[in-house]
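See below for the structure under consideration.
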Amino acid sequence: MTLLEINNLSKHFRSGGRDVTALDGVSLTLDPGQTLGLAGASGSGKSTLARIVMRLLPSDGGSIRFAGEDWLALSGKDLRRRRAKIQMVFQDVLGAFNPRATVGSVLDDPLRIHEIVPKSDRPRKIAELLDRVGLQANLADRSIRDVSGGQRQRIAIARAIATDPALIVLDEAVSALDVSIRGKVLELLVELQRERDIAYLFVSHDLAVLRAVSHRITVMDGGRLVETGPARQVIGNPQSTAARALVSAVPRLRIQTPQGHSHEP
Amino acid sequence: MSTLCQIRDLSVTYRDQPNPALAHVTLDIEAGGRLAIIGESGSGKSTLARTLAGLLPPRTHLTGEIQWTGGTPPRPGRDLGFVFQDPSSSLNPVLTIGEQVAEGARQHLDLGWKQALERAQDMLERVRIAQADRVLRAYPHQLSGGQRQRVAIAAALAAKPKILIADEATSALDVVVQAEIVALLDDLVRDAQMTLIFITHDIALASGFADRVAIFKDGRLVEAGPTASLLAAPAQGYTRTLLQSHLDLTSPPLVEEAAT
Amino acid sequence: MRLVRNLIGSPEGAIGLGILVLLALVAIFAPVLSPGDPLSIAARPLLAPFTDPSFPLGTDRLGRDVLAGIIHGTRTSLAVGIAAALAALAIGLCVGLTAGFAGGLVDEALMRVVDAFQIVPSFLLALAFVSVIGASVPVVVIAIALGAWADPARLTRAQVLSIRERDYVASARVIGMHPAEIALREILPNALPPVLALSAIIVAAAILTEAALSFLGLGDPNVVTWGSMIAEGRNVLRSSPSLSIFPGIALVVTVVAVYLFSEGLTKTIGRGRLAA
C-alpha cells in the first residue's frame, strides 16, 4: 500500500550549451505515515527531485504514482484539485510568503481554494490551525513580515496541513531556523505525523536533522540514488562515498572534561 | 598571548531602530587565536563583526570604545580581511575572479597588475582551488557555492592581513563543503599566525576548532572564555540551552525505527 | 492610506504632493478662479505685468489675459500629462505582464515591438503621429502615450520574470491556486512598485512633451496651453519677455513638483522594502 512510487525519474538541464543531468533514473517509494529522509550535498539533485514531485518542474522521463494515480499525467483543474493531498514547506522562511500577505490570508488561501470548510467557518478553522502549531489565534491579523522566523515556519506548516494532505515535502525546512527552535519544529512535525498519518519526504543536507525525524534515509549523489536503508543503518554504517562524506561532515560537539580527555556527549 | 583589542562597554544602535543591536559589550580579543562568536538571530554577532571591521552603515550610533593594540584600528583589506556569508553577493558578478582576488594585493601591497595576478593565482592554490590559472579568468557565476567562498577567502587574505573575520562564512553552504571550508580556514590561520574571528550560530562547529568562544544573546554578551572549560561547565543557563538543543548524529531520534 | 502618510513623512514627497494638490485645485476650479474664456480678448494688448490689478500678469499681443491663460492652461497640462501617463502605463503593464507570463515566442514577439517603439525617439514619434492625424487633445494624449509605454512594459516584464521564480509563487502553485489568481494576487501587486515610481517620471515627460507640441503649433488650437503661450511670446521676446517667462515658470514648477513627488514615492517604497 505504497503512497508514493517514483520510477526511473530523469531530468536534464541545458546550461550554457552543455547538458547537465540533474536526475538520472531515480526510483524510490514512500509508505503512508512514514518519513523518508532525502540526503545529499548541493548539486546532488535532491531539490530538483522535490520540485518534480511537487509538479513545479517538468520531468524528462520516468513516472510517479501517488495514491494509486499517475501523478505526472494530471494537469489543469484535476491537478489543482489533487494538490490538496501533497503539500510543501520551503526553506526560505521569508521568501515563501507574499510580502503583502497577512497570517490569516496565508491560511485562508488553501481553505478557500479547496473548499475545506464553508466561508463562515474559515476564521474558526484558521484559529484552530494556528493553535495546533502552537501559535496564538490573534496572530491572524498580523502582516507576515511582522512575525519571527520560527513563527513563520510554523505558519508554513499550518498552511501545509490545512488541506489534510497525505504527503508533505519539506525542502530544507529547518535549515534557516535558529538551533534552539529547530528541535521544537521537528517535534511538531513528528506529532502531526502521528496524529494525521502524514508521510514526509524530508530533503536536507544535514544528516543530524534527518536522523531525528526519518524512518528511512536515502542518499543522492550526482543525480543518482546511491544508498537507501533504515535511518540508523545508513548513518551507523554508511556504505557509499557520499553517505560517508555526509556522516563525517556533521559537526560534533567536542567537550573536554576537566582532566583533559575529550569526549562527545 | 597578547591582546589584539579590548572592547569596553560597546553599544551599537542602527539608525531609525529603537533597540540597540549590541548593548554594553565588554570583551578582550587575543591575538593569534581563534575566537568563535556564537549566537542565534538577533544576538548582535554580525553587528560585532561589522563594528570590528569598520563596516557599519553611516550614522549608526556607537557608544563605548574599542582599543586596539598598536593604537589605530586595523585598515580594512590591509590589516583585516572579511569573509561574508553569501558568496554569490559578496563577489562582483561582472569582474573575473583574478581581478577580484588581485585587487587587494594591488591596492595594499602596491604591486603591479602582473605581480598581483601571480599572487592571486598563488592564493587560489592555497585555498585549494583546482586549475587556478583557468579560474583566474572565470566569472563568479561559473563556480559553485563552495568554490566561491574559497575565492572570497583568497580575496580577503590577498594583502596578508593579520586578522580574518568570517561572518557566518559557512552558513550558506552544505555540511560537506562547510567542513572543508572550516578545515581550510583553520590551516590558513595557523600557517600565517593570524587571528581568526569566526561568527556562527553552530556551537558544535565552533567547538571543533575555536580556542575561545563568546556567547551572545539579544545584543548582550552572555559569557566568554576558553572553549574547553566553557562548554564543559557553562556558567549561564542560555549556554546550557544552546548545548542541549544542539542536534547531532548521537542525539536520540524523535521517531521509532521502521520495522523494515 | 499608509502610503499617503509615509509620503508626507519625506520632505520631497510632502512638497511635491503639496504643489501638485494645489495645481490640481487650480485646474479643477479654473472657471471659478478666472471666469470667461481665456482666449477672448480682455484688454489692450501688451499690457505690462504688475501694473493693472485686474490683469496682474499683463496681456499678450492680442490682449488676452496672461493669468487667465496660465490658470486654464493648468487644466490642459495636468489632464494631458496624467491621461497620457495612465495610457502609457496601462499599455505597458498589459504588454509587460503578457510577455512575462507567456514566455517563448509571444515574449520574443512582444519584446521586438517594444524594441521598435524604444528606438524611435518618443518626441518625434508623437510629432509624427499628431502631424498625420491632426491636433486635438485626445490625439495628443495618444501620441505621447505611444512614445512612453515601452519603458513601463520592459520594467513590468523584468519584474514578472523575477517574481515568477520566488518561492511564494511556487507556494501558490503548490496549494492549487489558479494561474489567473496567481498573476493578479501574487505577482502583479508585487511587480507594481518600481513601475509606479516610474510613472511619476512619465507624467513629467508627458507634460513637457505636450508643451513642446503646443509650442510647435501641433497642440489643440481650441484650448489654451502653456506651450502655445510660450510660442506666442516668442514673437515679442525682447520687448515683453514676461509673456513667455510666466508660462515657462508654471511649467517648471509643475515638472519639479512631479519629480519631487516621485522621489518621495521611491523613498517610501524603498523604505517599506528595507523594513521587511
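Here the chain labels run A, B and C in written order, and each chain numbers its own residues starting at 1.
The criterion applied here is as follows: a contact is a pair of C-beta atoms (placed from the backbone, for glycine too) under 8 Å apart; a residue touches a chain by one contact, two chains touch by 3 or more.
It should be emphasised that the depicted structure is a prediction, and the values quoted were computed from it without experimental measurement.
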Intersection of contact partners for chain A and chain B: none
Chain pair with the most C-beta contacts: A-B
Centre-to-centre distance between chain B and chain A (centres being mean Cα positions), rounded to whole Å: 30
Mean-CA-position distance for chain C and chain A (Å): 49
Distance between chain centroids, defined by C-alpha means - chain B, chain C (Å): 50
Touch list for chain C against partner chain A, complex: 166-168, 170-178, 185-186, 189-190, 275-276
In the complex with chain B, residue positions of chain A that touch it: 34-35, 41-43, 149, 178-180, 182-183, 186-187, 190, 193, 205-209, 211-216, 230-232, 235, 245-258, 264-265
Touching residues on chain A, where the partner in the complex is chain C: 51, 54-56, 79-81, 83-84, 86-88, 90-92, 94-101, 109-110, 113-114, 145, 159, 163
Chain A-touching residues of chain B, taken from the complex the two chains share: 40-41, 144-146, 173-179, 201-205, 207-208, 228-229, 231-233, 241-243, 245-251, 253-258, 260
